[in-house]
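Labels run A, B, C and D following the written order; every chain starts at residue 1.
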């Protein structure tokens, strides 16, 4: 079975990752590429300043880019679109696609916390897709909107999900985030060479709220947020890709580090093409200084989570986790949600 | 009044900082330079591979380097020596100087937690110098040994001291540490370019134990450790100088961020030459992304602490702090302890 | 004697360097700051996002920024203005100031090669200021316009001037340029981390043409270009400040490396406040791996040239040179031209 | 046909690259791993601190490492060994293997310029293998020794070979070299962060002499050096992998840039497994700022050469070239020579 898909905002950094990840995908067939009006009508190879670390696929290079509006792709027989639009643009454009009946798997940050929008990681809370029924009832859309979380959130939440059997009460997390998370031009070299920046606007809030929604319970009508308190300090450092995070978790019970590592290793992935067999790779005591961004961001093609440094604290546990922020943390997250939407019958 | 001083291990990275900081010092006169046997007998300009960012002082350049043993400086009329020896070497050498009657202000990590050795930051716990009497009684030394804490510890402890009026119960701290903290050859470029390393051997332990001793009470006979639990995650990042730290503190009371900032700003420095007038510089809400290593490590000539990003959490407070790791965090810390030893009459 | 000066484009990166360098200047008194209309009317501390590595001078911080037009500073009694405007803006604005009678010392790249505009480095070709008479005749200006060269050009030309006694015939130069040369936002971190960029638009041309004008002869009416062929390859690398350049020069004669080093060392500076006593510092054979950007860019407060690595080639000589690109290569160059204009009686 | 091979010095950085490149090789079967005495007897996974960016092959991980001496691999039925020993060690060890009859394809720098040792790039001078007969006659070895050039040399020489039809008379080359070229611990982070180093000991000489041998003529008895003068300036910059080089070549004829690009593109590879179909990839005028290390070092699996920026100069041509220094510039170069040795019947 093949599903024809489109990419909204296909020329940007995340858009290019979508193109790369969709190359040779077993289910999805790339049928439409949209961009801003200035790029519409041009070949993709000319419209996109290609910067991903593999050559631009030949068949995509010659596709024509169209405007980001439902009419423009009306004849392309597309059922599912991936969105990596800036959130300001997405707030206007995504509803238009939903009204036109498209299923939208979006990486844009708008509406992630809306009560009737599923915020989903397939390995963590696939049941939250049930919110689509609520969404359709309330908004009268034929389509469906699903969001994936922010890159810094998605790095940590799978480990928290694995540890929730021990009762997570409080989370303090410090991040060491790569510059690619801010987009191609988001961080200037003068800002970051020989430096670090101890705050990323909006990022701390996203980690604190999105985590609780992702770990929350869906009762058929709404999602109740998880009860844990989450406080985040987000730092930008001079790395290209891969967010590293230091987590301190207060737990209701008192597992030892070996139990914590086992809980992470045993946490099950999803039976989807882009989900790793072993979702969380865990380094033990002999590899105390792992995970590291440059060495570990490529695990499972950038779709896996890597953890390590598990140590007991007085109140619970501390450890480190890492994921590739533009694959698992952006385009790959939306793609995986798309795979789940197909499996669950929404496409 | 002039005090003649020596530097043990004068050719290394910290030793060079001592030379730089002692240039034009109002009280200390540099009278002896020691190094390993292979350097003994050479001029300092030849023995030291000078890498500090100011020219080597002319008068020091031509001084003769001698072996690191009390006899070698016996004729130099030196009363106080600063030590930046590797801890393994220091464990053998420092006692020899103490037996010979020297006062030793040491940056080396050995014996910092010894019960009769004062671990001192002059602005925080000058009264701990009283341990010198205990030390002399127990060890029969004529001299006196005082230690300063590790660079990552000293960055955080002044802020904790300022906040202890609110009742510090638990501290979770993540560090983003500069490569100079590992010495000139401690971190290879292959390890750290486009990367971060989430563990520094021994560093987490030092932060957890030294902090509690520094904040502890001295009752005239011994120091009781502060009751706060401290858990640390130490990361190395690609910056040259300046350790940045994210602190999450659980407090007994509930101050708002303005009260926390005021408490830090009002914290008093020491009346010593190298102690800044305003020990802790605090950035407010309009400078949310400060302190930053490259921009702020030079505050007060590298002897100040810079803080910012103060935010309330459910259990207390979070904030960031920063200091220059090879000035306030190493040579400058020993120098300041030396100034205190003079003022307090131990030299 | 005090000369009241203004800065056109005072809020940008080079504008901030002007402010820094003018602090405590013995001759110049900063009297006017201009910026784009959106900043006009604001205090400098609010209009400028201050990023220079020393605090903003208190008296300048409270000055009001005005629009970049002659009328706006008419009451300030200013005789000389320094310009660091983008070249597109400068092409419109500088003539207006010249018509209004101001002397303009400009770092902007427009008109550098105009036949009646002196392109000047005070230590190299101060006599070219004579073009001002030609300029006034032709353009009917009361003021005077003098330009300084591009940062990559000015790093190399003093060494070429020193070597021209040996007969320079051909120059091949490769540059390793710092990111600050492109302005604060000119190079993104994604472009340059773990990377180098082997071309800088317009830069190669500037080195090839400006060098020949600077080294050319002024006969009282015009400047004839120097006969040497210059070919440049300009590379951007991940350094913050300091351009390093590899020069291969074909010479008419055959000096040995010691003669070449002597020629550089003996080259005389100008008798001006901001010109170093020893214009070109030269490392010898025992420091073969110098100059280096981080270690040597601070020489003479950033106003000096540092050279080294002199070796014979079959056709001549090869060596390396370095200068601080935003001090000697930009604001400091204009400032020094301003000092020359005063000394020569044009202000 | 399968050839059993060994790696001398298998645990080091280049040794690990050999292991990686030999994985799934169609001809070579890895049968022996040697290392220093301290590693002998251990499993490879324990002896090697694996740092290559792909997992250690399972079958290699469990192989036993033996001492680097002919006896230690005598029972392994190995015919060809790859050597990545430090040159000081290689000078002692390689002759022992040659006397024992092994064919040695070596990346070590000793003996590269020896008159009876072929220094070979299969696409450039495969006929130089004929020196093996001379070598056997003179040294009485049953084995055969072939060397590949230094990483900085091999980046440039294929482009020079392509351009020699235009008559190369003089070459000036500046390199921007990655830190991995110095080995894992060769460049400290303190040396290179925010910096560049304008000299690499021995490297300039290697480029100047090896290039002339590689491009020289073999007349059946000896190799006469190519007549071009080569002068090099070698710089280390903060990149991980990929050497970028700026070349200025004086030519006997006057080709235009398009002819130069065509000459490079048309230059033929070798009919060997690891030689790219298109040996030199050439960027044209629309990609003036390529090649770049991070973007282009992966071309052809790291075995290709990438060029660009071709411009005319008064005397000839200038352009940039790039190759992956630890693949094409080290392990891959030896491997390719090994493939040639098999094809030519020496193994």
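Here is the rule we go by: a contact is a pair of C-beta atoms (placed from the backbone, for glycine too) under 8 Å apart; a residue touches a chain by one contact, two chains touch by 3 or more.
Everything numeric in this text was worked out from a predicted model, so none of it was measured.
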Taking each chain's centre as the mean of its CA atoms, which one is most distant from chain B?
D
If you tally the C-beta contacts, which comes out ahead, B-C or A-B?
A-B
Chain centre separation in whole Å, for chain C relative to chain A (CA means)
47
How far is the middle of chain A from the middle of chain B, if each middle is the mean of its Cα atoms, in Å?
42
Taking each chain's centre as the mean of its CA atoms, how far is chain B from chain C in angstrom?
41
For chain D, which residues are shared contacts with two or more other chains?
51, 193-194, 238-240, 295
Please name which positions on chain A make contact with chain D in the complex.
51, 53, 193-194, 295, 298
Hey, which residues of chain C end up touching chain A in the complex?
51, 179-180, 184-194, 238-240
Tell me, which parts of chain B touch chain A in their complex?
170, 172, 174, 176, 193-199, 201, 204, 229, 231, 233, 235, 237-240, 244, 246, 248, 288-295, 308-309, 311, 313-315, 318, 320
